[in-house]
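Each in structure tokens, the structures are laid out below.
In the two complexes that follow, chain A is the common piece, with chain B as its partner first and chain C second.
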Partner chain A sequence: MLNSVIAGLTSGGGYALLGLCVVLTYRLVAVVNFAMTAVGAMGAFVMVTLTDEGLNVWLALLIGAATAALLSGVFGAALVRWFAGHREGTKAAVTVALYVALTALGLRLFGGNTTGARQFPNPFDDPVFTVGGVVVPQSVLVSLAFAVLITLGVGLMLTRTRLGLKLQALSERPGTAEVVGIPAPRLAVGVWAGVGAITMLVIVLVAPRLGSDFGALAGLISTALAVAMVGAFRNLPLTLAGGLIVGCLEGMSSSLDSIQKYQGVVPFLVILVLLWWRSRREVWDTAHSR
Partner chain B sequence: MTAPALALEGVAVNRAEVPVVHDVSLEAAPGAVTVVLGANGAGKTTLMDGIAGLAPVKSGTIRLDGTAIEKLQPYKRARAGLGYVEQARTTFRTLTVEQNLIVSQSADGDIATVYKLFPELEKRRTLQAGYLSGGEQQMLVLGRALVSAPKVVLIDEMSLGLAPLVVRRLMSTVGELAGMGIAVLLIEQFANLALDVGTHAYVLRKGGVVFSGPCEELRGDDERLHRLYFGGPPLSAAGTDAADESELE
Partner chain C sequence: MKRTFVRTSAIAAAAALALSVASGCSDSGGSDGPIKIGAINGITGLFQTPEVPKAVKAVFDEVNAAGGINGRKIELVSKDDAMDPARSSQAARQLIKSENVVALAGSSSAVDCGVNRATYSKEKIVSVPAIGVDPACFTSPNIAPVNPGPYTLTTAMLYYASETLKHDKVCIAYTVLPGSGGGIENAIKEWEKLTGKTLAHKNLAVGQGDPTRYLVAIKNAGCQAVAYNATVGPWFQQAKTQGMQKVDFILAANSYSDANAKVIPPDMNAYAGTEWQPYTDPTLPGNDRWSKIVTSNNIQKTAFSQGAVMSADVVVQVLKGIKGDITRESVTKAFKEMKPINYPMVGTPYVFGPGNEHNPIKGSQFVKAENGAWKVLPGGFTVPAPKK
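So, the complex of A and B:
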């Protein structure tokens, strides 16, 4: 069991990063972005296609990140242009449609799990140390360090820079932010593009471990949303912890033969439990207001 | 005669696709307070939102220092010199007092001027705006407009929910803004307080202008104001044209 939990932590860092990207998009532009991992996967597959063609891996990484940033920025611009005054549910529904369209396009372009699995570069595969018989590769430390770095970096950027303060103002009162001279549409598109690029980098980091076909990587959105829910779509450190918790739960489920095949259900169970837990007060209030 | 800092001509504004303001023409001179009065639902806030870009202008022109701005996005209007003090004390509650000012500051804006005008804010510069009293929050919103170095400031019902003493203090600050050469367009529920500080007044009824004239014509004349707000038999007072229950000059 301990081995499985430690093994789960190796995925947890990646999950935490994806959850952070969901939280950032929600906090800064008030959109639950279901298309996020599909955009990241698109950029990652552009990169791996270019490396397969013999392009230098770092140049391919740059082009892949730029592709994801551009795609995400275009989606953000469309939402700002046509859905700015709409409710959060409507915007989320638009991103669900984009997710479906992008996944279909990605599978068409890059193939499914039988034909389209690619060899992603894995520069951090060397073992660092062994705990309880489990070899911990460098990628675990890199993804955890990346997650902590993003949590701290974003926290500092939001509170210590003029740009961060403007982003906070924008997320709190979009209309007022505009009338005080904050270029809300431009900043929102910038956030979308930045999150797109970061998601692509995370997908490249986790692809060797979590799946290397387009459908599996795009489908990581369910895990990312479960992780974001742990942090209530707001709290960055809690989201970080959420990623590790979901990773451990998956690890534990894989250690029991009887439930191993249901491992993919873990994110949905986490979402259900959190929804139930957070609705307790409403149920209590309703019962006592009668 | 001084050219108006803000000039509206035949402006119509919709709210959720429903026409609320129609054919409004008005001017606000630099260094003066222009008052817009009217009953609840007359279209005052919709008019302000239309000028600031928060509600769509369906027709007409809005000129800021002679430049048409009605097609610009709200932030571009702000950068062109339009400050907007919205209703309901719209501070950024999670930011501190100073951070609220920093996000609005333009290259020519000076936070020290705001602190000079409102020393209370300087004492609370590191406090989150959500913890300020109602009066202090309104001071902050006024200060936020000032720190963008505006040519025109729109002020919408800043006295809402505030104690009379605080309202008087804020109203004298409005006069000081005009003293700095800024054109102030003021909507206010306490008509006589606004008329005391203003030079020219407009009265809106059902989305259209029914009176335009010097503030002194309306100052203290509650009966006439009431008639302008809600309609009634035409007046034949000296110095005004009475026609169709309106007193447009």
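So, the complex of A and C:
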């Protein structure tokens, strides 16, 4: 059991990164982006397709990230242009449609789970240490470090810089932000593009652990949303913790025979419990809900 | 509640429906019109096998060019069910009622058997699927696929691990689809009965996400060989990280693809059990005919197209043996009374027969991943048999 929990924890860094991407988009542009991992997977597959053709890995990574940034930017522009005044639910529904379309396109372009498996570069494969029979490779530490970097970096940027302030204004009151002279649409598209590129890097980093075909990688959105829920879509450090919690729960559930069959439900159970917990608090705190 | 986006994910699944293929009405095929054979294939949707109806048609075209059967031509009527149960049942009704097909051959759908088994029994029509996917394909009175299917294949994989590779600690790590009942459990019991051995570790609930937790459990159990049927890429990446280079992983037929051979790291031991002669080597016994048909008709070379050619060949042979009128009744009767057909592309002879469950093809030919490709191992088909 302890081994399984440790094994689960090693995937926590990757899950945390996925959750952080969701929270990042939500905090910066106030959209729950269901198409996020599909966009990242698209960039990642452009990258492996190019490396398979013999292109240099770094150049391919750059082109892949640029593709994801461009795609995400286009989606962002569409949302800003046509759905700016709509409710969050509507915007989320638009991204669900984009997710379905991108997944269908990706499966068509890159193949399904048997024909579309690809070898992703795994530069951080060397073992660092062993705990209770579980080999911990560098990639686990790299994922965790990247997650901490995003948590601290974005946290500081939002609270300590002028750009951060503008971004917060844009996310919370886009109309007012524009009135006071913040170039809202341009900034929003920039944020979308940036988040797209970061998501692509995250997908490439987690691919050797979490999926080698387009469907599996695009489908990581369900885990990402579960993790983001832990941080209530706002709190970056809690989201980081959420990744570790989900990993830990997965490890634990796979080691207990009685609940092994239902382990796929774990992330959704986390979502349900948290939704219930939050709505329970709102009875006392309705003034703050929007 | 502030935000209730979660439920929205359900929309995703529903949105993927494609347009249905409209079918024209045609004559019901008397005793001198064409002999109509139906097939339900996944062409769109999650389980896509477009090469299957093409290969079946290619076989029928060949027979027709040589004069047909008793002067009558064979016509394939293929319907796409897009892995949608409603469309699958509609397709079966259309084929039986409107198209008046005499039998089904070369079906390749992930839902057909489960959805339509009762219809086939009620209408007294037989189906010889190119690929039996769901468990109902192997447990129905009027369905007998030309592939071993996941259950007998699992027995063969475990048998290969314990008897050919001679490992004492054999384990299983499987993703078992809901609704497949005790099929895999029975396959394990069959292996236990044949070999007198028991599994060192069993996990039939391998899920998505990081495979490390399953691999660590396998490592702790000291497994020397592991039968495995889920996603290949991350599994082998992480098995390598966990230092499991000495474990023999035996993959099910669904993992036998060129793409998967490429994602297995060179120092890992990966075998795969195939359902027909490995399609990657056209010189193997029985593969010559299949290879000729798919190459000359420009059809993708896949294991599924092997099943397609075999099911078409089986049907043609049975039809040729019918004396008198070829009708649904005479075809069903011929299948139920047929003599076994030796078909070198599989491990055991094909026979339909009168029983209530059919799984005639047993055994598997094993291949090993070497330098990014599958290498056929010597020794031919491994057909599980009791120890002498």
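Following the convention adopted for this analysis, the second predicted complex is superposed on the first by the 274 of 290 C-alpha atoms of A that agree within 3 Å, B and C clash if a C-alpha of one lies under 4 Å from a C-alpha of the other, contacts with A are read in each partner's own complex, and residues count from 1 in each chain.
FYI, contacts are C-beta pairs under 8 Å (C-beta built on N, C-alpha and C of every residue); 3 or more make two chains touch, one makes a residue touch a chain.
As the structure is a computational prediction, the values presented were derived from the model and not from experiment.
In this superposed model built on chain A, chain B and chain C occupy separate space and fit side by side.
Shared-chain residue A:R234: touches no atom of chain B or chain C.
Of the two partner chains placed by superposition, only chain B is touched by A:G181; chain C is not. Shared-chain residue A:R81: touches no atom of chain B or chain C. Seen from the CA centre of chain A, chain B and chain C lie at an angle of 140° in the overlaid model, rounded to the nearest 10.
By the touch criterion stated above, A:A216 is placed in contact with chain C alone, chain B being left untouched.
With both structures placed on the common chain, the touch criterion links A:V135 to chain C but leaves chain B unconnected. When the shared chain is aligned, chain B comes close enough to touch A:Q168, but chain C does not. Judged by the touch definition given at the top, the superposed model places A:R160 against neither chain B nor chain C.
Number of chain A residues touched is higher for C, counting chain B against chain C.
Of the two partner chains placed by the overlay, only chain C lies in contact with A:F34; chain B stays clear of it.
Fitting both structures onto chain A leaves chain B and chain C with a minimum C-alpha separation of 20 Å.
In the superposition on chain A, the residues of chain A contacted by chain B and by chain C do not overlap at all. Interface residues of chain A facing chain B in the complex, by the touch rule stated above, are 162, 165-166, 168-169, 172-173, 175-185. Residues 52-54, 73-75, 77-79, 84, 86, 90, 92-95, 99-100, 102-104, 106, 144-145, 148 of chain B are the ones touching chain A in the complex. For chain C in complex with chain A, the touching residues are 1-6, 8-9, 11-12, 15-16, 46, 48, 203-205, 207-217, 219-220, 231-234, 237-238, 240-243, 254-255, 257-260, 262-263. Of all residues in chain A, only 3-4, 6-8, 10-11, 14, 32, 34, 88-89, 92-93, 96-97, 99-100, 104, 111-120, 122, 125, 127, 133-135, 137, 207-213, 216, 219, 222-223, 225, 233, 247, 250-251, 254-255, 260-261, 263-264, 271, 275, 278-279, 282, 289-290 touch chain C in the complex they form.
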